[in-house]
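Shared between the two complexes below is chain A, which has chain B as its partner in the first and chain C in the second.
Take a look at the complex of A and B:
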């Protein structure tokens, strides 16, 4: 018992550290990393996926942006992006216009949706001193020409990153970075597997904090944190709760408030699968750290990525992959947690819903904004949904 | 105030005939399975390739806008929303899906299940979803041509090679599906027809540099855009644009403008509100304000700055058209530059930015665009919001008030400038 308390207080400290990292719009950790060795640079990327290995191999700190949550009032960005545009696009621009993004030397965007794509170029106009680039992540995985195209795209980006850092990157540098991130992603997969098999041991909000902290920490440090956490979580003596098992789908880009994730769990759900900060769990298996590392990274994107609303693979529809995920995690239902005005998620909801209904899997659709303050209505909806399944 | 708000010449009748003929071909394809049909996105379409198979294009956007302009878009939109589409999904998609569900077509004739759903993805992520959904709904085969977005000043060699490779894969796919051999010579001829149509279209666009402009490069240009997408690679298309150029040139030479007196010259950004097309046009006609250039009319291709398809390099020039020479695959700052050139070279008084909630490709960030034109360049700019397909988002009184206020301010500044120079 005493041992458990000690462990839990250690875990609590880790969770508190992660929460602080996530809530810090000043990016103090990034500033400190740069200060520790003057001359080092940090490159931020907009969700969902970025080839972080390229940034890392160039000796820079890759940082995954996730909006500003409810911690920033919009003074400028609303006027620049108008109505019907999601919050994360606006808060990212707002962070730039209010100098919160000052620790960064570069930004990468990719072809995930039209709003984020346009944001890249609006940022370019407003921050002309910055290195800002757009990665065209391909949408035709069936062509043999696609991996070489993406490899050429990554080489273009790498050349720019080398110029920014002043560090020439070798294939060995890249293989080393790939190995480090493989280890990191494998641990995240392990954490997710633990949640699916013994969900009482780790809450989704806890796992979310642990994983998302990796967006802000050097990969080596984050990997250590995950290793320690996994060890400790497994020794927890926590009882099973009376909850249904759900997969959360739709939060791949803009992130729901932490309170909302906790609320879903408190309303009677084990979240046994989700797509929160999806970029960090992007590959189904390791990226080969052999051969031509750039081509391997590109080939992995085309052939080893998880399904996602921002990656189009007509060889295997996403809706089939969602049903498979539900089955693999033995989930009872799917909760769609969709960011307001997120068009990729809105669109995918329709075929997902059709396919779930065909497979007899219950689902509930909820909408959120990162700056959501009140959750009463959402709580009632989830509770009612859970009750309807439990007493069915 | 002028009542005469649009030009009605023989081109309007021939445009109508051409488009009806197109719908007849689609009806025949639906009934007999011949000709083969390929559904595509208007923007950066590779209609030339289809000619090599004698296949006919099917453009869901044209169907959707036809419905909206006839005030028939709301029912199918609601049907799609019943299926689960959100209020904030693109209403073009909803109207198209709703029509499929309800069996509605723009002319009342039949529309075929396409031989191939060819997603010529050029910058519009919505199109990827749209075509996936229609493939799921109809069971038709889907192929995506992934066109790299214009993230560098010039297209990269690798980008062109990648698209050419996919075009050739499309040819293989169509050979299997149509059981027809690709006719390369016919493809080259089609590319040559496109070159000629584009040259004529470009000359037409340059006529609007005259004062007064002989046509409205937003509202009237839309009339010419149908043949541009469906027929530019055919001799009928070349003939149509020859007639159009001759008519508009004669009008220009005679000094006839869109209005009795052209008061204002505008550049229009964004698609029009099709459900209130006439009403919207009248709001500008009231001020005798003529659009001399528009970005929307470059969705299918950007030719006024010199690009032409090239029969000596047919695949490469089709690829270049898809990558670089249409507004939707060009980045936002390239669009700013396009508008800036229009203002300068077409001698415009101001820019109208029409934000359409359906289309984030066009609209996300237009507030920044306004900031650039008003603050950085000092060009009078009006920003208004509605939709291109969903009639529920057009606030008529509010839109009219904002347009009136814009022109009143323009009038005031013109008068002040005149007094200043006197």
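Take a look at the complex of A and C:
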């Protein structure tokens, strides 16, 4: 018992640190990293995926943006985006307009949806002095021309990053970065596997904090944090609750409030699979750290990526992949947790729903905004869904 | 003969029923109601005491208390809490087993629920944060129009030229009502316009739960004949309003309480 108390207080400190990191709109950790290493720069990227290895190999700190949650009132962004645009796009611009993004020296965006694409160019117009780039991620994975196309795009981005950092990147630099991120992603996969097999040992909100902290920390530091956490979590002695097992789908870009994730669990669900901060779990297997590293990164995007609403791959439709995920994690149901105005998630909800119904898998759709602060209605809906599965 | 209570802690009123199971058939033997106010526990106590008085039994005879409604977690003496959607389904199915679609219009929330033949929730959809589709809106309109709430339903039936309320916001809808009053529209026509507006909103919720066959209408608002007529006319559906329509969730909670009690007794019997 004493062992467990000591262990849990140690874990609590880790979770508190992660929570502070993701609630800090001043990006203090990034500022401190730059202060400790004068001359080095930080490059932020908008979700969902960015080739962080390129930024890392160029000697800079890659930082994943995740909006501002409920901690920033909109003063400027509403004048630049329509009212039907999702919250993360607006709060990201608002952070820029209110100098919260001042620690960053560059920004990368990609073609995940119209709003994010436009955000890139709105940012460029508003911050002409900044390095802001758009990665043209390919949309046709079936063509043999796709990996070379993406490799060429990555080389273009890398040249810009080299100019920004003043550091010429070698193939060995890239291979080293790939290895470091491979290790990090493998640990995250391990954490998810632990949640699926022993969900009582690690709650989804705890795993979410641990993983999302990686958006803001140097990969080396985050990997160490994950290694320690995995070791400690496995020794926990927590009782199994009478909960249903669910996969959460639809939160791959804008992130639900932490309270909402906790609430879903408290309402009687074990979240045994999810797509929170999907960029950090982007590859199903390691990116080969041999051969031409740029080509390997490009080929991995085409052939090793997880299924997602922002990557169109009809070699294996994502609705088939969702059903496979449900089976692999032995989930009882799927919860669609979709950000308000998120077009990719809402477009995909229809084929996902049809496929789940064909497979006889119950599902529930819920909507959130990152600034959501009342949860009673959502809680009632989740509880009702759970009750419909557990009561005769 | 198991004796249980179901308490529905609603946003406006707290309702309680006492249920007795005789020869396998549950029967309501007492009902009570109290204004919810700010103290959920106290309101639940008051409603339950009324129901016990109505049934002429002592509190100590109760074997199980299940709670539902927005304040379900606030009742200190509960054995279990269940959501108002699940209890609405169970209660409405008990009251009208033939219906598989339920519309619950409460004080703050309107819900459409599609259920299975056994009363389990299949689909459900609630109105958004806004109160424009709920009983509170009617209450505010009645207050502004200086009409006692219990007369709203009958007055609405007497309308000759219903005036639509097009706004989706309760506050803006009140402005529309004010405009109608200044334009000389009769109270009857305004009230019928409000009921039709509510019916239209309910219609969009019902479509999303794949409404089939007759509709069971429950909740306090179901007592108003005007809303029943408006739903039948606008949605072209036959509406069934159970007796004691505002006690349906409390009844559903009590029925689920009976089930839990039975399963506990089975486990105890197996253990001995």
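One rule holds in what follows: the second predicted complex is superposed on the first by the 391 of 392 C-alpha atoms of A that agree within 3 Å, B and C clash if a C-alpha of one lies under 4 Å from a C-alpha of the other, contacts with A are read in each partner's own complex, and residues count from 1 in each chain.
The definition used in the following text is that a contact is a pair of C-beta atoms (placed from the backbone, for glycine too) under 8 Å apart; a residue touches a chain by one contact, two chains touch by 3 or more.
Predicted, not measured: the structure shown is a model, and the values here were computed from it.
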Who wins on chain A residues touched, chain B or chain C? B
Which partner chains sit in contact with A:377 here, chain B, chain C, both or neither? Use first/second/both/neither. second
Counting only touches as set out at the top, which of chain B and chain C does A:388 meet: first, second, both, neither? second
So in the superposed three-chain picture, is A:145 touching just chain B, just chain C, both, or none of them (first/second/both/neither)? first
Of the two partner chains, chain B (first) and chain C (second), which one does A:317 touch, if any: first, second, both, or neither? first
Looking at A:8 after the superposition, I want to know if it touches chain B, chain C, both of them or none. Which is it: first, second, both, neither? neither
Intersection of chain A residues contacting chain B with those contacting chain C? none
Residue ranges of chain A in contact with chain B within the complex: 78-85, 89, 111-115, 117-122, 124-126, 133-136, 138-140, 142-143, 145-146, 149, 152-153, 156, 312, 314, 317, 340-341, 343-344, 346-351, 353-354
Per the touch rule, the chain C residues reaching chain A in their complex are 70, 82-86, 109, 120-122, 124, 126, 129, 256, 259
As the complex stands, chain B meets chain A at residues 83-86, 88-90, 93, 121, 123-126, 128-129, 132-133, 135-136, 142-146, 148-149, 151-152, 156, 158-159, 161-162, 165-166, 169, 331-333, 336, 355, 357, 359-361, 363-368, 371-372, 383, 385
Per the contact definition, I'd like the list of chain A residues that touch chain C in the complex. 374, 376-377, 380-381, 383-385, 387-388, 391-392
